[in-house]
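Order of writing sets the chain letters: A, B, C, D and E. Residues in each chain are counted from 1.
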Amino acid sequence: MPNNKQTNVSVFQYDSKELKEMEGLSPEECLSLTKNKRKVTWVTLEGISESGLIQKFASSFDLHPLVTEDISHTRQRPKVEDYDEYLYIVVRMPFYNNKSDNINTEQISFILGRNYVLTFQEKRIGIFDPVRERLRKGKGRARRSGPDFLTYALLDLVVDHFFVILEKLGEKIGSMEEQVLKDPSPKMLQKIRNLKREMLVLRKSVWPLRELLLSMERESSSKNPLVKKETAVYLRDVYDHTIQVIDTTETFRDMASGMLDIYLSSLSNRMNEIMKVLTVIGTIFIPLTFITGLYGMNFRFMPELEHPLGYPAVLSFMALAIIIMLYDFKRKYWM
Amino acid sequence: MPNNKQTNVSVFQYDSKELKEMEGLSPEECLSLTKNKRKVTWVTLEGISESGLIQKFASSFDLHPLVTEDISHTRQRPKVEDYDEYLYIVVRMPFYNNKSDNINTEQISFILGRNYVLTFQEKRIGIFDPVRERLRKGKGRARRSGPDFLTYALLDLVVDHFFVILEKLGEKIGSMEEQVLKDPSPKMLQKIRNLKREMLVLRKSVWPLRELLLSMERESSSKNPLVKKETAVYLRDVYDHTIQVIDTTETFRDMASGMLDIYLSSLSNRMNEIMKVLTVIGTIFIPLTFITGLYGMNFRFMPELEHPLGYPAVLSFMALAIIIMLYDFKRKYWM
Amino acid sequence: MPNNKQTNVSVFQYDSKELKEMEGLSPEECLSLTKNKRKVTWVTLEGISESGLIQKFASSFDLHPLVTEDISHTRQRPKVEDYDEYLYIVVRMPFYNNKSDNINTEQISFILGRNYVLTFQEKRIGIFDPVRERLRKGKGRARRSGPDFLTYALLDLVVDHFFVILEKLGEKIGSMEEQVLKDPSPKMLQKIRNLKREMLVLRKSVWPLRELLLSMERESSSKNPLVKKETAVYLRDVYDHTIQVIDTTETFRDMASGMLDIYLSSLSNRMNEIMKVLTVIGTIFIPLTFITGLYGMNFRFMPELEHPLGYPAVLSFMALAIIIMLYDFKRKYWM
Amino acid sequence: MPNNKQTNVSVFQYDSKELKEMEGLSPEECLSLTKNKRKVTWVTLEGISESGLIQKFASSFDLHPLVTEDISHTRQRPKVEDYDEYLYIVVRMPFYNNKSDNINTEQISFILGRNYVLTFQEKRIGIFDPVRERLRKGKGRARRSGPDFLTYALLDLVVDHFFVILEKLGEKIGSMEEQVLKDPSPKMLQKIRNLKREMLVLRKSVWPLRELLLSMERESSSKNPLVKKETAVYLRDVYDHTIQVIDTTETFRDMASGMLDIYLSSLSNRMNEIMKVLTVIGTIFIPLTFITGLYGMNFRFMPELEHPLGYPAVLSFMALAIIIMLYDFKRKYWM
Amino acid sequence: MPNNKQTNVSVFQYDSKELKEMEGLSPEECLSLTKNKRKVTWVTLEGISESGLIQKFASSFDLHPLVTEDISHTRQRPKVEDYDEYLYIVVRMPFYNNKSDNINTEQISFILGRNYVLTFQEKRIGIFDPVRERLRKGKGRARRSGPDFLTYALLDLVVDHFFVILEKLGEKIGSMEEQVLKDPSPKMLQKIRNLKREMLVLRKSVWPLRELLLSMERESSSKNPLVKKETAVYLRDVYDHTIQVIDTTETFRDMASGMLDIYLSSLSNRMNEIMKVLTVIGTIFIPLTFITGLYGMNFRFMPELEHPLGYPAVLSFMALAIIIMLYDFKRKYWM
């Protein structure tokens, strides 16, 4: 059984009638399978750390050196390139890293030939299992259609995964906004910064996807034999979903940016609250303390001090002042 | 009688001479009605929860599987798609939810065929009643024109509904701006945030509408038989209204964004007011209290204390200081 | 004589040799005048509240129902539409409402036919008088040219009016900026908000004007008989003026937006000033008051109190402290 | 000799072999010079206040009335217009007004004919002297080339002048940024506002220049006889310089906008410093003053007061409290 | 041996079979080498201070005067220009100046002829050594391909260098963000300002690079013999890298801009912390001091003072007040 560091090669070969599944084939075996022009051959390489194997596949399938390089260097921008004999497609799929609580992206490369598809994944996370299931069940258009439809189905899965991520982010943003309004702690600043960064990661993965799908649609309408005309409408559908992902991403970006403004406003609100308390206390007691100071002076001749009603009079005056000031603060909504 | 959870099917069939209204027909009955090529058949499905019925209609009218899926999944982005035999149009109509005091959108799908229109609505809110009324009265172009004109009339209703929503929002923004200037309470922050969110919802519904109408106009000028040339000028008219909706939406967005700035400025104003009070009180009484403290000290040899005019002199000095300071504050506009 | 609520119909008919002025003609009379193909007939309707009259004109001149509707509903976005027999042009002219001290816009519609021009104005404010004067004097190109040149001349007047408004706004902005820097009172916030709103009104009127003029130029170069080739250079000129209006509007918008920032900065400056005063007072007198408190304590055994130089020593120390602190504040630019 | 208010007419006529300089010619004399088709005639009008003279030149050279108007009204937006017989080019040259310490712009108009160039300048500031020098020396391409090359050389001078202005602005921005960081005084606000305004002036002059040069290049490639193909590469060069001016202008605008943010941040920093001082003083002395107040009370039964160690104990406690608090403030970086 | 101020001329001449390296050749010798049409001649001039040598090369290779000027004036914007016999390419390479801790850019010019490449570098920093190594080893496509491939390889090195710079900047931004959150000192403001400036420098170098590469690709597809069709795919690859550089630069710009907001928020947080302390202290001790003042008054008739439980009662009341207030502050999260 393959371990996580090894590159796992799995092959599906099918037409509308039958489907064969194979594991661990060599590049040459894969190539010979594609000689059968009436069947679709789908070769998946999961875990592309073994660059030697990639090299062998590349030379077997006669890939352009730049393509081979791009497959191995997993920091490509999503794009599609037409090399006449095949299309080279590279996309980035986001996934949520639960440990570090942030979003990473993984590169997935497709080689779409006349009757075969090669897919190269950075790691193994079974992202393509739903398509495999559908192929095995033999239902739907998938089994009846060519490798371009298979590529569509796989791209569709990738775009669907964006929605999963966006939903998670949506919840996160919602709860963060609540928190910012309630308790604008310094920790929130860090969280907002991280959120913004995640939006940037997502954005960089999904914007080029839009162009990519437009290009593929254009290929199909310019009679490129690699992408059939019937597939165009399906590509249009994935395109529409991508636009929706972009829309939502931009909305979230707006919300993340707005959050800092709300944060600052919340802070200002807090400051106002704090200052009101200080001002109320100060305004009431500083003048009164002055009065007590006045009658605490040690002048020999201070007639008020001798008067038996002096103390009650001062107390009454102070009580009155407090009442008036409290009333005034109520009026100004400071309390 | 149909209840709210059931899908309600209502059919209009008309030409310039007569109009028939039917209810609760089966998909097959609807299809057979469309065999009459000289009349326009309009089938409305309100409440699309019964997905089985949708499926049946889809297969009767031979709709593409992607279309059927889009009709049922009510989170589509507005778009128009040409499937040769019919146009698939999907729009989002905003409506004001009085309970939660915010804006929701509902998906409405149109299938525009050669001599029929199918409309699929999420819920039943009688939005199309004005068009029904006009058809019944037999006045205007509607009865004399084809299904493309009917589609125009329905789209026009949808865009008109945006204006209703915008008017409501305009009033809300106006009253919020007043309030922000008068009383920038923390609750306003939440309101501003909600307003911004509503603007985003509206924006996502109306921007694609613009492209949609442009596409339809293009169809009509590229001689697509589904959209006649005479209808183009009407579509242009709805397009102009859509541009107006977009303009107003963007203006409102600007105003909603500006409101946070005004909120912050109002808060700062408030803070200034509060601090002025504290400063005035502190500046007057802190130095005076110091003086009272001075003569409250218990040194044995303090000649001033013995002097019979000591107390009145200090009192006079303090009164003078207060007067000078008040004058100074007036000059600085602090009071 | 027509009163303000009535629609006033005035007609000019001219060629290079003679000019006739008429008032209060019926739609049919106007139509029959246009039978004279060698003369330009210009019909002005001022005050379009009498929608019956509009209807009659519309049916006399065989206008499209959508055009008639747009003329009556005076909230159109500026646009030009080609109906083969005539161009329908609608613009918005800003005018300054002295009473409410803000900017409103009025809709003006043009029907540019082969040898006639109809203009529909919301109210009567004599905006077209300069062109009338020029026609009467018989000078310049106007009398020698066709209805397209007349339309140009009228549009030119509309754009010129924007400059008048902009000049007024420029002065207003200048004086507001002065005030914001000098005295950032809460009232200014409201003024800034109103200014921003006026800029939005202006913007919505002038941006579409640009497209409108481009379209008309395009008509003339695409050999539309309604707009002659010789008029193109004049339209280009109005277009250039419109660009200048847009440039200035955008500059003003920038300045209006910047004003809020300056407002906030001014407020912060003020706050700093206020806080400096409080801090200077507090920093000087709070510690000194503590010292007076110290020697105001009633402990039996406090040797300093008995010493004949105690009081002068404390006074001297306090004076010294005050001097040192004042010096320090000077150094920190707090005073 | 011409004084500053008069319009000065100076003429250069040259081919690769000889050059003639003339002064104060009449429009008719200038026109007759242009009859010599093998030589380039360059007529400069400096100081265009004498509008009568402009009119005469315009009618001699048969200029379009709109061109004559644009030359006299010196608030044109830079543009180029093709009138078949000549190109009308208008640009705005910035110059630094040392008195008012701000940037103004002056309008320069060019009429580029088949074998002549007319230039109209608002004032006389000898801006074209370097080109005159080069022509006199007879070196370089200038003397061998036609009027289009001369126009290029003059436009190049105008664009070069932008760099001079930008360098001055760059220094100003640099010193302002220093000052804002060091001492964010209210005066700086005004300076920042003025800077922003200057950037707007510059921007409005240079952006249209870009389009202007692109248009001229297009003319040359569309075989307009007024702009020869060989000149295109030179125009491209000025175009590149214009792009550089635009880039720098935008960078400066960014920096000017950023300066307000830095200003606000500096103010906040200051406020923090001020508040720290008040807080340190208040936190230390307010509680201690309370303690002195405590033992300043006149209750008859206060055993501490009688104790011989009461006073030293309180003093020691206070000293300890001060030390602890100072240590705490150090830890919080408040001192 | 060449010193740093001298211009160093080094020549590579190669085909797939052999490679010759020469140093210090004269312009004429270089030119004569290019007579060998079957070999690629690559001439590098490092350190272009000796403008006489540049002039000689320019006239030997018959360069356009504008090109010669652009090579010497090292402040060009990246661009590509087609002079039929050769392409003139100019780029800006960023490098990190460790001394001043900021980013500078250096101009590199390429003359791409039919069988030769000239490169002009401002200084000597051995940037092209990796390509030289590859040529010497004779491996890869480089030796088998023409001068366009060589140019690609050199441009690729330039773009790769951007990544090095970006990585350094990324680390810097990361550590700055940490610091801003932890300790928003005034010094950070200056650092943020410098960072923004560096981003502007980078941006101005990389954006035009994108257009440059697009232009070159277009040249190759429009059958320009200087750029072969096979090279297009490689240029596309550099183009993709440039897009990645641009993306990252824009992301960094966003982050640098956001940092100022975070700075301000951090400052506000700090201010809140400071004000909370002052308010807590003030709110507790100012009222208590008032009470001590009350019983410090010297009225003759104050019954409380005589009561033996007066002092303990006041002390207890004060302790209770302190406890209640502390509890209240805890509840408000002020402590």
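Rule of thumb we're sticking to: contacts are C-beta pairs under 8 Å (C-beta built on N, C-alpha and C of every residue); 3 or more make two chains touch, one makes a residue touch a chain.
Because the structure is predicted, anything quoted here is derived from the model rather than measured.
A.B. asks: Just to be sure I understand the contacts, which chains border both subunit B and subunit A?
C.D. replies: The common neighbours do not exist; no chain touches both.
A.B. asks: Pick same or different for copies subunit D and subunit E, depending on whether their interface residues overlap by over half.
C.D. replies: Comparing the two copies, subunit D and subunit E contact each other through largely different residue numbers, since under half are shared.
A.B. asks: Compute the rotation angle for the C-alpha superposition of subunit A onto subunit C, expressed as a multiple of 5 degrees.
C.D. replies: 145
A.B. asks: Please tell me the distance, in whole Å, between the geometric centres of subunit B and subunit C computed from their C-alpha atoms.
C.D. replies: Comparing mean C-alpha positions, subunit C is 26 Å from subunit B.
A.B. asks: As a quick test, compute the distance in whole Å between the mean CA positions of subunit A and subunit E.
C.D. replies: 26
A.B. asks: Measuring centre to centre with CA averages, how many angstrom lie between subunit B and subunit E?
C.D. replies: Distance between chain centres, rounded to whole Å: 42 Å.
A.B. asks: Considering subunit D alone, which of its residues make contact with at least two other chains?
C.D. replies: Touching at least two other chains: 264, 268, 271, 275, 278, 282, 286, 289, 293, 296-298, 302.
A.B. asks: Report the topology of the inter-chain touch graph, choosing from line, ring, star, complete and other.
C.D. replies: ring
A.B. asks: Circling the ring from subunit A via subunit E, which chains come up in turn?
C.D. replies: Sequence of chains in the ring starting at subunit A, next subunit E: A, E, D, C, B.
A.B. asks: Which residues of subunit D touch subunit E in their complex?
C.D. replies: Those in contact with subunit E are residues 177, 181, 233-234, 236-237, 240, 243-244, 247, 251, 254-255, 258, 261-262, 264-266, 268-269, 271-272, 275-276, 278-279, 282-283, 286-287, 289-290, 293-294, 296-302, 333-334.
A.B. asks: Show which residues of subunit C lie in contact with subunit B when the two form their complex.
C.D. replies: 64, 66, 75-77, 79, 81, 83, 183, 186, 189-190, 193, 196-197, 200, 204, 260, 263-264, 267-268, 270-271, 274-275, 277-278, 281-282, 284-286, 288-289, 292-293, 295-298, 302, 304-306, 308, 310-311, 314
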